[in-house]
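In structure tokens below, several structures.
Heads up, the next two complexes both have subunit A, just with different partners, subunit B and then subunit C.
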Partner chain A sequence: MSYVIDGQAGSSHLLMGNEAIVRGALEGGISVATGYPGTPSSEIIELLAGVAKERNLYVEWSVNEKVGLEVAAAASFAGLRSMCVMKQNGVNVASDFLLHLASSGTRGGMVLVSCDDPGALSSVNEGESRLFAKMVEIPLLEPGDFQEVKDLTKWAFELSEEIRNIVMIRSVTRMSHASGNVEYGSLPDGKAHANFDFHGPLLDQEKGPVISMLVSAAESQHGPQQEKLRKAAGIFETCPFNTYKGPERPELLIVTSSACNLYSREAIKALNLDKKVGILKLATTWSLPRNMVKGHLALTDKIMIVEEVLPTLEENIKVLAAEMASEIGIKTFYGKRSGHLPSIGEMNPDLVIGALSSIIGQKRPSIPVAFAERARRIIDEVVPKRAMTFCPGCPHRASYWSIHNAIEMDNRKGFVCGDIGCYTLGMLPCGFSTLKTVHSMGSGSGIAGGFGKLKQFGMDQPVVAVCGDSTFFHAAMPALANAVHQKSSFTLVILDNSGTAMTGFQAHPGIAANAMGEEMPALDIAAICRAMGARVEKVDPFDLEGTRRALNEIMEYGEGVTVLMMQQACALSPQRKGRKNYDMEIDEELCLGEKCGCNRICTRIFGCPGIVWNKEKGVSTIDELICVGCGVCADICPQGAIKRREAE
Partner chain B sequence: MEMADFNKDPYSLVIAGVGGQGNVMASRLLGSMFVTKGFSVTVGETFGASQRGGSVMSHIRISRQSSWSPQIPAFGADLIAALEPVEGLRVLAQYGNPHCVLLCNTHPVYPVNVIKGEDAYPPLGDIKRHVKSLTPHATFIDATGEARRLGNPILANMIILGALSRMGDLPLERGDFKEAIRERVKTDQVALNMRAFDAGRALCL
Partner chain C sequence: MLKKGGPYELLSDVIESDLCIGCGACIDLCPYFKSYRGKTAMLFPCTSSEGKCFAYCPKIEVDLDELSLHYFEAPYNADPLGYYRSIHISKAGREMGGASFQAGGTVSAIMYYALKKGYLDGAVLTDSEGLLPLPCFVTQPEDVLRCSTSKYAAAPTLSALNRAIRDGYGRIGVVATPCQAQAMALMRVKGIEEKEDPNPVHLVVGLFCTWSLDFRALEDFMKERITTESIEKIDIPPPPAEIMKVYLTNGAKLEIPLDEIRELVPESCSYCYDMTAEFSDISVGVLEGRPDMNTLIIRTERGQRLIEEAIDEGYLIVDEIPEDALAHLTWAAGRKKKRALTKARDGGMINTIDEDKRSIVRLRTEILEKILVASQGCE
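So, the complex of A and B:
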């Protein structure tokens, strides 16, 4: 990724939004960066970690987003520029500290980057982070193209120092994971020096202790905090990143931000409306620059707000319009609340084109009708869908196989509570529909602890929770401590695949290296659980029978909290990738196919992409290109037709 | 040398495939080649959860003016390069139009429901017939077969880029590719990627 730091000032590069954030942070003189992995944000910390030595940075994958924000805040308190990066759900986790931080204020420029995922393309929800900026009263910046991602990130540090408070940047999947031209500025070569000055009086922003505390109503920090936000809004009035493009007096004004700026641009072009419709693209969406917005609202009667998920910008614009109605007149608004645009899912050009054409009353030209009809039939009738599934050789498939079978064999209507990771797919057929609750990071363990206390109300179902190794450190440890302390009864299965696998093997405290590749002591999950008072056993999930038996014995025992660690590295991990333990083969003489009575257990139920049902021959066969040789399937065939041979 | 402009602005192309086929690498290489030529390029990718056996798409917009939407509007693609045949058909149906050009690898990657025997994967002949019902401008090549001959099926993505450079729809030359590949892969991988690119060019003579 040398081009992110090596490029000369003035040179133009194709940068992914997340790379542009990195370049902006480097040009902005960042010293400390922290974060917790989560799509679509993970590349930012990975890239910064990769250049940490070269640029004299400290970069860490923190145990969770709240701790990450605290670590980055310390750097700011010591006068350094720092950044904390997370996906939208992470802001929920960080929000407790964020509220306090917004109150105490910051010193060195500090930026919180949230990468939201409208449409939940790689999330379990599309919850949005913008509302946090309003709730904790801090400035919110939303870049509207790729150059702006870089420039706005750099500027955010200056803004933060100007107002002495944290600034939030919100990206979305289609900015973070999309790419565009970015012209580089220069990288600073100044040496940063850290020193925490606390000798001044209590509420002294520059030299006093950094404390979030309401000393008294008259002397509280809340007033100065709001003054900081007002100062930011004043700066936003002339901010060059807020732009208007369109006719002098548009028939309709689109107010938008972020990726929706690009969708709106596309819609105006598709309908050929550039003489009638203008775009006010706001990069500073909280709090809004009142007079700047007013000047544009005054020029037209019809206003459409284009944004993703909730009508957040829409409502903020409407409040301003209501306050200014006596000066600018009554406006007609279009957007989510009018039903012209949906409040769920991500936006796209076609949705904006549809809304715009119905408001203006102009049909979209050049839809090839016959083509569209044929295309729809082909998609419905010919093209097979691609369902999500675990990778070939994934330990989760083997783990869920045994968990599912143990619960069936136990026969007391036991169930499994899950949370966030690749193993969330355990709710789908690829995980044998094993998960019966799925919520936030670590919540399977907390919920299972709650179920485990319901015996006094007559509940006698065995309770199991699953969580990953990274999730254990992130959020499951408090749940485990609580469950042991409250004498709850459940089995916590830790699906330990040696890394934060879903997002690309980022380090966590259980791994013997940190984000920057330095050797670190690995925390022993089993020892932690034992120290908390839980019984701990370990199995290899590739040993199907041993795993099933261990779980059945634990469920039988039924008292207290037992941790069962299922340890096997992810199939895509550096230690397993490209390495086959076994060469697999199916003995076509032994495979009875449909006549077996096994209901094609290997292909239809186990469902590893490495075993293919050969319709012509009526037998299963191994796809050697896809099979990674984990050998697990040999143990599920009742005929013993699947053979494993030690790989050379 | 100043290249001729596209006949459309923005020119919109899709690279389609399945997780693990090197879609993202191909799209960003292609995109960076046009940035070097002075164009404004926008690349939108769909990846993440879709890596686990799902469809993967990269939308590339090339313009003299500005960034455009990282999602192409329906029926808006000028060119589709597919690393997998049903993905080629799917994306042609979603984003294509009767004038859309399709370059398509013939090697299938079966969806999990096909592997399970619950869904049918259309034979290549059927896929070609359906493609022809949508556009007359389709070319099929065995990029994966060629990539295996070079030692690694993942090289199909570079072979497709090589073939694209010969189809006449993209102002793209061997030198542009060489420059871009040097910037983005390890030095010892440059020669192999160039061989794959040249193999693709040879397939589209």
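So, the complex of A and C:
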């Protein structure tokens, strides 16, 4: 039995934020959960899928966040409680439907969970998901500690049913992936029953058809939508999750939410300011409860807003403050717009300490000079500089080797448009700096299709795009259809490693299993591409010469869209993990090392962590603990010094 | 003072300066330089400050005296034809009967004979697939005949030599263009380090060359006129024809004025001062006015011995070269040498002194002067 369901009401557990969301959703009586893998959100659907059978849930890894939100919405329309989970940029993908869903309203309690990644620790953007709540006019909740993560998630379903609209919960990396103590509530009994009622009148949100809006009749839906949000704000006025901690008359008031609540508490403690600075922790950050906020803004003239990335809360508070100025007085605000806190990167206690100490004039605790010096020296001299790289045995290293070399040999300044996945690392030296554009899911194919139409303007550079098997289904299919139909010329390399690897090897429509481990039909990517009218070829990326030659021939042909599938399972996939195809060994007599004729191509360029440079001997060696025995390096050694022998 | 360099200098001074002729000398010495469809590419940066790639390249830092002293035990002279023992006309003998050749079949006969008699263990030749020349390495005499037609696009033939040496072959014969022959002379002089056999090339048969063609440009040019799969053979007959003949598989023939073809000549060829492959054992070319014969220059003792034995056993027929043919050959070779060295001198690419400026060639000033002022009387 999973620990998320094994635990009495009242028992205390150390839970990751994502685990607390799962527990809260289960306590909230969820029936359906969907999502698309995205750090830092992925554990939520994984854990729910793990208890799906026991708790009678339907849990799905959807093809993308838009479809995931639509699937969860169907459950809500049928009277079930549902949840859709994604990372911050997933909300962008889901946003078209979200806009319309917020207008049509929901029935069974529905929650959208967005786990943001301030600082882009595992993203190629630092986007803001909070603004979507304001833009589509739905309530936004941000839990500020771990108990609250669970309690707020559970409560969100009740709130959603109260106002008959979707509620958004926003978490961040340091809530989702950090841990704290959580006391369990009880899990509900009872069976959920799905039925979609639509016989009522057209504009009856409860019993009629579910439509976002009548054409040319904005007020018919938009009015009720805004009324729902006002109702939520009314409920927020007395919501126990909004808390104040500090002196009755603080010198400075911090208004904060989410993980920044914890940073602010740490900062106050570090500076000993608990008698001077109070914290208004808001869990209901849209729409702001006006009177409650007013009551706290009135306590002092100095207000500091602590939040991640953009000054969203800051601007919303300032709007209220401006409106209430005649009642509460003019305030001095400190935050991102004043330059006291940055609008880039993750917030942390040190930044809050620095800002507080300069505003309040309190000396910050200093690091002893000798210690700081020693730490700096250790970092500079002792800590090895580690570049990001692919796992040993990763098919992408082999794929990029061949792609990069094919393009160099073709010698016409060809380039590759990149996409999102482990293979995004192709923009770094570990992928031989092959990628020349990187944006969002599926955008590599879209952009490449665009480049492939520029021949009439004299563009003669061969165009290549890369895309993973999961990315293909998520977003690349429409781009491919467009390119074929528009007669664009480019090569789409599909790096098929049999899973959504970057985020933890989740299933997708090309895999013969679903989130809950049940057998499912696997869609045939090659057949889909052919049906769209593209030429399709398949290679094994571990066959370096064959792969390189195939791509060179395709680039030479240069007309229309060709799909080149490079198929080889991820080194961490179930079919390959822990299994060695070959035992690898380097013959030190044959190894040229740094000499002319090689110059360490295996360790200096190819860069598999399983090959190590022995400085004293001037040769390369295999690190048997790291090498997974894929055998590819044997083909890159000009001397044939790397030997492979079939493993028993 | 001969300057040294590595792959970085090779890239900047030769490849990116439009001087690379794609001879293949730097290809397959290591994993970094590759040739594809006539173009040389550096796959990854090699950080060596000195390398064989730079040392063997015939288009950078070539000291002609150094090569000449090594090959002929005499410094470089201003003779348009280089050093030689004798010049003749020739063609394949009766033992080669039945085979089809471009002109006289002299090169095929020599290589066939050398392999058959065991003077060589292998031969580096140039095969082709349509217009695309393909370096190849053969060990059987019959395979020589497969490569018997002339290739007009520049070929990275020496890459096959590098691969053969790496695979442990010695006693190799190579049919080479003048630039390729010069690269092999550089290999011999500068050394192939740490190999058991410091001189695996036992025979160099050089080909006369006025210019070569860029493969990709040639392919594009032909594609505008015909489907290139239908090309059976290409021939540029000796002067005064001034045309390129393209024979198609359907029996048709295309004649293209050489002036149009000259547009496809790589920039690198305009700096080439060697028409008759001066650094070979034997040099072979066409014979003006006689499409069934070759001009044959014997330069070294080894070359002479081989020719004499081939004649004795009926593989080669050799005759006296007519005076006017020799005069015209000398004139043409002199003109090419003068033109190329004038251009190089005017471009400041000879005998440079600056730290960071490398020369394509170094030779004694008095020899250079002699060549530059040589009178080019009319035909």
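Following the convention adopted for this analysis, the second predicted complex is superposed on the first by the 639 of 648 C-alpha atoms of A that agree within 3 Å, B and C clash if a C-alpha of one lies under 4 Å from a C-alpha of the other, contacts with A are read in each partner's own complex, and residues count from 1 in each chain.
The definition used in the following text is that a residue touches a chain if its C-beta (ideal position, glycine included) is under 8 Å from a C-beta of that chain, and two chains touch if they have at least 3 such contacts.
The structure presented is a predicted model; accordingly, all values stated were derived computationally and were not measured.
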Winner by number of subunit A residues touched, once subunit B and subunit C are compared: B
Touching partner for A:N405 - first (subunit B), second (subunit C), both, neither: second
Contacts of A:A550 with subunit B and subunit C, given as first, second, both or neither: neither
Partner chain(s) touched by A:P368 [first = subunit B, second = subunit C, both, neither]: first
Which superposed partner A:L495 touches (first subunit B, second subunit C, both, neither): neither
First (subunit B), second (subunit C), both or neither touched by A:C598: second
Which of subunit B and subunit C A:S12 touches, first, second, both or neither: first
Which of subunit B and subunit C A:C430 touches, first, second, both or neither: first
Partner chain(s) touched by A:I636 [first = subunit B, second = subunit C, both, neither]: second
Overlapping contact positions on subunit A, where the subunit C interface meets the subunit B interface: 604
Complex contact set, residues of subunit B against subunit A: 18, 28, 31-32, 35, 40-50, 52-55, 66-76, 86, 89-90, 92-94, 96-98, 110-122, 126-127, 130, 133-134, 153, 183-184
Subunit C-facing residues of subunit A, complex: 404-405, 408-411, 432, 552, 556, 594, 596-599, 601, 604-605, 636, 638
Partner subunit B, residues of subunit A touching it in the complex: 2-3, 12-14, 16, 39-40, 121-122, 145-147, 173-174, 177-181, 259, 262-263, 265-266, 270, 348-350, 353, 366-368, 371-372, 374-376, 378-379, 382-391, 422, 425, 430, 600, 603-604, 607, 609, 611-613, 615, 623, 625
Interface residues, subunit C side, partner subunit A - complex: 29-32, 34-37, 39, 41-44, 46-48, 50-53, 166
